Amino acid sequence: MAALLEVQNLSRHFGLGQGVVKALDDVSISLTKGEILGVVGESGSGKSTLARIVMGLDQPTSGRVIMDRQDLFDLSPRDLRKARRNFQMVFQDPYGSLDPRHRVGRIIAEPLHLDPRAPKGAARRDMVGKLLEDVGLSAADQDRHPHEFSGGQRQRIAVARALITKPRLLVADEATSALDLTVQKQILQLILDLRDEHGISVLFITHNIGVVDEICDTVAVMQNGRLVETGPARQVLDHPAQSYTRRLLAAEPRLDVIGRRSRR
Amino acid sequence: MTRLPKSLIIGAIITAIMVGAALLSRVWTPADPTGMNIVARLKPPGAAGLFGTDQIGRDVLSIIMAGAWTSLGIAVVATVIGGGIGTLLGVTAAAKGGRLERLVMSFNGVLFAFPPILSAILLGALLGPGALTSIIAIGIFMVPVFARVTRAAAIQIWARDYINAARMAGKGDARITMEHVLPNISAQIIVQLAIQTGLGILSEAGLSFLGMGVSPPTPSWGRMLSESQTFLDAAPHLVLAPGLAIAITVLGLNLLGDGLRDLTDPRRGQNG
Amino acid sequence: MMTKHSDLLKSVCLAVLLSGAGPAFAQGTDAVTFGQAVEPQGLDPTVSSPVAAGQVTWQNVFEGLVTIDRDGQIVPQLATAWTISDDGLTYTFTLREGVTFQNDVAFDSSTAKFTIDRIIADESTNGQKANYTAITSVAAPDPGTLVLTLSDRNADLLYWLGYPAAVMVEPSSAQDNGTQPVGTGPFKVDEWRKGDRVIMSAWDGYWGDAPAVRTVTARFIADPQGQAAALQSGQIDIMGDLSAPELFDQFVDNDNFDTVAGAGEMEVVAGMNNAKPPFDDLRVRQALMMAIDRPSLVQAVSAGYGTPIGSHFSPASPFYEDMTALFPYDPEKAKELLSEAGYADGFTFDFKVPNRDYAQRAAEILQAFFSQIGVTANIESSDFPAAWIQDVFKDTNYDMTIIGHAEPLDIGIYARDPYYFNYDNPDFKAQMTTIAAATDETEREAGYRKAQEMLAQDMPALFLYSYPKLGVWKSGLQGVWENGPVPANDMTDIHWMQ
Amino acid sequence: MTQAFKRLRGLAGAVMVLAVTSLLIFVLIDAAPGDPAEIMLGTSAQADTLAALRTELGLDRPLMVRYLGWLAGVFTGDLGQSYTYGVPVAGLIGERMLVTLPLTLMATVLAVAVSLPLGVMAAARPGKAGDGLASLFSQVGIAVPNFWIGLLLILGFALNLTWFPVGGFPGWGDGFWAALWSLVLPAIALAIPQAAVLTRVTRAAVIEVTNEDFIRTARAKGLSRRRALWRHTVPNSLLPVVTMLGLQIPFLISGAVLVENVFSLPGIGTLAYQALSQRDLIVVQNVVLLFAVIVLAVNAGTDALYARLDPRLRARK
Amino acid sequence: MMLEINDLRVAFQRRNHPPTQVIHGLSLSLERGQTLGIVGESGSGKSVMSLATMGLLPATATATGSIMFEGRDILTMPERDLCKLRGNRMGMIFQEPMTALNPAMRVGAQIAEGLILHKGISRAAARTEALHLLEMVQIPRAAERIDSFPHEMSGGQRQRVGIAIALALKPDLLIADEPTTALDVTVQAEVLDILDDLVTDLGISLILISHDLGVIARIADRTLVMYRGDMMEEGPTERVLRQPGHDYTRKLLDAMPRRVRASLGGA
């Protein structure tokens, strides 16, 4: 099967001369239809920069992002707009990613801007309502403001917004990190369900190996802007090939060593 | 349910009274603000009007009321124009960044470096004293203030993820500014408008005091102060009345601004 | 030994002065401080404004060939005597002997010739040059004699030679007179603290009687309230011309001060653009004049101090004639005149008013008076002096303005072409020529009276009032000028009563 | 090396800004109606006299020549001659600065001395009586025009109580204290609005810092509220206060123009106002340049002070 | 008992709103040398509880019940006495290493401050002690780092400085409020190890607050589960994890990633 998303030798450097920071250094990954790829790394690993570039919110220093055989950065603004319908994003902070001044319905419908033939008026309302129900909220919620919702509910709204253009790729940048564990679990389940129903591919950026294990098919481990290890999630997590991956796994909190006295 | 901030209420009342007086003066004042009565000159407050009479026997209360129209009018127009241009520059700088932003900010720096009064006098010299000069001189100094405030606020908004979401939705800078940035910084803009109008009134008074304001007989609080200087000893009410009018109006606008800030402060009642 | 000692003494005195240990108000029997509103931009009255500079240095530091005394009379000074040829074209002055400048250069006919030549030179920067242009040549046949040759008769020349703009200067120091004046007068300038004061002290080499006071300080206080307070607190002893009449009364009632509301030389007039309709119509000008109640105006603008005038002459002048009865306050008559002129419904004009207190106040009142006869004056403030001079004075881009004319004997401005009134009256110009050609004082006086009458009738400007010279000084001080035929602070006769 | 480069670039930028704005002012004043020669000679002067004076003053040269001449002079330390006073501008400005500098300094010191304790006190116990007093002071202080305060001070302390002179400046030569004394009322008039603004900023800054985590850390160490306030809160809240102090400089100068006018002080503000109304271009130009340099210098000074106050900024610079 | 909290209730006043109670009757006890983990999600009131124990509740909070520290009630203790207690007998570590240190003060001085205050020792002696403490929390090249400003250090290092400050006077009780939440996992493990070792070596009682059961499990002898200001259950950590006595605890455990849960089952 041909890759939906192909990231080739992507680099992004900040600054000039000696003070240059390589946020991304020659990173290549690929993602097929219906696949959930987890990009895992600690702060400064470059995983968020990767997400922003894949979404076209930032320009790479070098390298290519190929989406459906089209290089994103070769596209004209008009074609980019068209292409954007195919990929959407869910952000980390459920409080910062929804405009507090807009009603939920308007927020969710915003990406329809990309599609001149998108339904208007009542049809649009129905479409948004249906989507809200899909993500576990009610159709009537579209007349409310974001501040009337909890963090988990907001993240559902964000997912609904990302889905309205029926994208083929969803990029989730630490989409569950700001949530309590119990809520996080629900959102992860939602993403899994969407994948199963619509065959959406997901690029899931996270620092949490537990989460990767939970939903990802494949995993890419990043450190200091470089790709350390990639492979099927099961394989990488159970038999890490690289020492960094092993360290990451060892540092993960566990429940099997309980209390310091028992540890000694 | 939620109570309004006290400063908002007091500020709104004072501002309403002053605006009311200014509007009222267009149709009615206790006496003709330009009608002199030389026999009844320099009368203290009391029988000859609530605030007494001035050096040519005009009713001070009436001049103060009519002066409110002048002061508020000039300050409001200057603030709206200066604030409009400044806001436009500020949000554009925030949206475009790069060279344009640097240009706007260095323009700001230049304007900031000059003492406003001096430049206003310079403008007065260039254009001749008058209402238009006052408006331009005061408005010019609103531009950098608003540009700075709105740029800072807009930059914060631009860092929000809902802006990224809007960009993901294919919206351009101008559209994002209109739909997301401006509505979300409108509270700060309104607060600044109130506060800057107050400063505008102070500036207008200063200009008039130096003889660079509106021409007589258009009443002006600053010119009243300037004219009453020589009567400081003989008729202190002539110094007190316009000064108090200025101070109370500015106080009202500042309180209004503070109250609006409290009202729109996200920290307020957010946990409820 | 002796010199050494005195040097030591001097340096001790200097040290005391510099350390500021001296009393804050050095008032006493040999010191006097006077205040004036306007600080000159330079102390040389032959270059800078003869009024402001003259108020500091005229008679105190600088002297002329002749001078004008407190009664407005021309009296000898550095010239002891003079003869005028019968045709009136040759003036021969006998110069005073034994006069030296404060830099020890002797005064003689060569310095006098230098002074006059400097005034009439092509590159002269003397603002009053116009008054001296009749002089065609200056000769110094011997050190004690100066001969001026005129192109035409000029009856006023002697007067102008007594005016501050023609004080005697000395070639080597003339260039620096603006900041370090060197004259022949009884006081020399020690220090000029710009923006604040000029300190002068008695000069021992003075040719005449030594003045009674040794130290004279001129202080510049623009704010009238500040002038009054400075008087009250003893910071100044004399305010020869208090700026705000409304502050005068407090001194009238105060035993510690002597006050005189004397006559000044400033005429406040509302000049009109005579070339522009409707001001080109005599009836309109007269109507506007009759719309104004001048006594009320004086009452309102200057607390009743000041004299209503009917022509361009002030009561301070010996030639003054009261012409106010010619067009008295009569709004009904004024309306009639307007109707006759075709302005039954009145008219509207722009009133360009300098942003000075007296002018703005007067303008507001005039505006009210005009409105009674249906004439609307739109007041437009004009930044004074810069914008006003450009706009009104130079470009005559105005309808009516208001300004005080402070120079004495300046009725000739109405004959000047161009001048901001745009007043063009051949008869009046002829009259001025007649005055210039006058052969004696009586003829000259008659000429000026005639000129006054002509203007009063023809009304090129609305003659409002003569600004008073409101003198206030400490009781016990004598010799202050009561009137101001020339704007001056002559300290040579000042003394404290013992 | 890059740091030095940045600083150099900043300086070059500032110089460029100054050059451009000074040219602008030159052109503007020249375009303004009014001719120095005419103003100096008065209304009786004849055309040839005016022309002679213009030649003498160099006013007959083209605008750009005059501007460049002035600019060249500035770089060689010669600020030119005042048209109207006929003396070197440098001396003229120097004399006036001897009034304005002490006046503004005094006002600033006074404003800081009042606002800092007041703002800290208000912030230490928000909502209490002290806070109410401070906010009343700052609200009213910001609202009153400083020239009106000046008039009221004259009325109360100079006319009625006669403790202070009504105006004027005796000069430093006649005794230090008398001169200083005459600056007290103007300094107060100038200081009150400044103090009001600073009180507000101080209060807000202190409250903001009080809510910071590291204050809790300090309290957890056992520091009393008071000690934590002065050792940790106040030093960290000075940054916005210093910023405001720097930003207020142009307003301080503006205020000085008005206050000097009210108190008839021969300061730089009076000089600027007078020079402008007499179209003494060279003086205006130099004064404006001076102000701009002062503002830039103050900015540089506050930058240096920032680094002292907040070490985080040292690395960034 | 070193610390005994009885029926603690805390309410916050809000401007223009009725007050809200955020802790509704919390009781617990802690013996010398014991480690108690408090686990709960956001809004459970766990941080408010820790501030109440330090006597650092903001002025808008009112607390009832009692917090007995060695027999004296923190809630009624005069501020003077509290100041003597804080830092000296009880220390605290905060969540955000980025903001918990004074940015304008060198780290050595921040550590020394408490020593000077409570012990009255000289500045030089306090500095020596601070250096020792920095070494204790395993900051490499401590002698150089002592004069660093916080912004010159990484998050993990800053949190170690936070530990050094809290332990400077060898307090009897240490409260750590989410001490590693803001850190990367690898750093979190190091910091937890240091904290654990020091507390054990010095015999300090520890209250560790976290939303992460993994962190709690690693250190705490006993665990207390909080939800929305209520105590759900309390018991030995092992028991709470393996035989949760409350539905909410089970829900918390269920929410743990599969791998982590698996580790529990597999043990």
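Per-chain residue numbering starts at 1, and chain names A, B, C, D and E are given in the order in which the chains are listed.
Here, contacts are C-beta pairs under 8 Å (C-beta built on N, C-alpha and C of every residue); 3 or more make two chains touch, one makes a residue touch a chain.
These numbers were taken from a predicted model, which means no experiment stands behind them.
Among the remaining chains, those touching subunit A and also subunit C are B.
In terms of the distance between Cα centroids, subunit D is separated most widely from A.
Set against the C-alpha centre of subunit E, every other chain centre is closer than that of C.
Of all chains displayed, D has the C-alpha centre closest to the centre of the whole protein C-alpha set. Averaged C-alpha coordinates put the centre of subunit D at 50 Å from the centre of subunit E. Averaging Cα coordinates per chain places subunit C and subunit E 87 Å apart. We define each chain's centre as the mean of its Cα atoms; on that basis subunit C and subunit D are separated by 38 Å. Multi-chain contact residues, meaning those touching two or more other chains, occur in subunit C at positions 223, 225, 228, 383, 386-387, 391. Annotation for subunit D: residues 32-34, 154, 159, 262, 277, 279 touch two or more other chains.
Subunit E contributes residues 35, 41-42, 184-189, 196, 200, 211-215, 217-221, 236-238, 241, 251-252, 254-261, 263-264, 266-267 to its touches with subunit A in the complex.
On subunit C, the positions that touch subunit D within their shared complex are 17-18, 20-22, 24, 41-42, 48-51, 122-131, 133, 178-179, 193-197, 219, 221-223, 225-226, 228-230, 232-233, 235, 383-387, 389-391, 393-394, 405, 407, 410, 413. Of all residues in subunit B, those touching subunit C in their complex are 34-36, 38, 41, 55-57, 124-125, 128-130, 211-212, 214-217, 226-227, 229-234.
Partner subunit E is touched in their complex by these residues of subunit A: 42-43, 180-182, 184-185, 207-211, 213-214, 237, 247-248, 250-263. Taken together, the subunit D residues at the contact with subunit B in this complex read 13, 17, 20-21, 25, 28-29, 31-34, 139-140, 142-145, 147-148, 151-152, 154-155, 159, 247, 250-251, 253-255, 257-258, 261-262, 269, 272-273, 276-277, 279, 284, 287-288, 291-292, 295-296.
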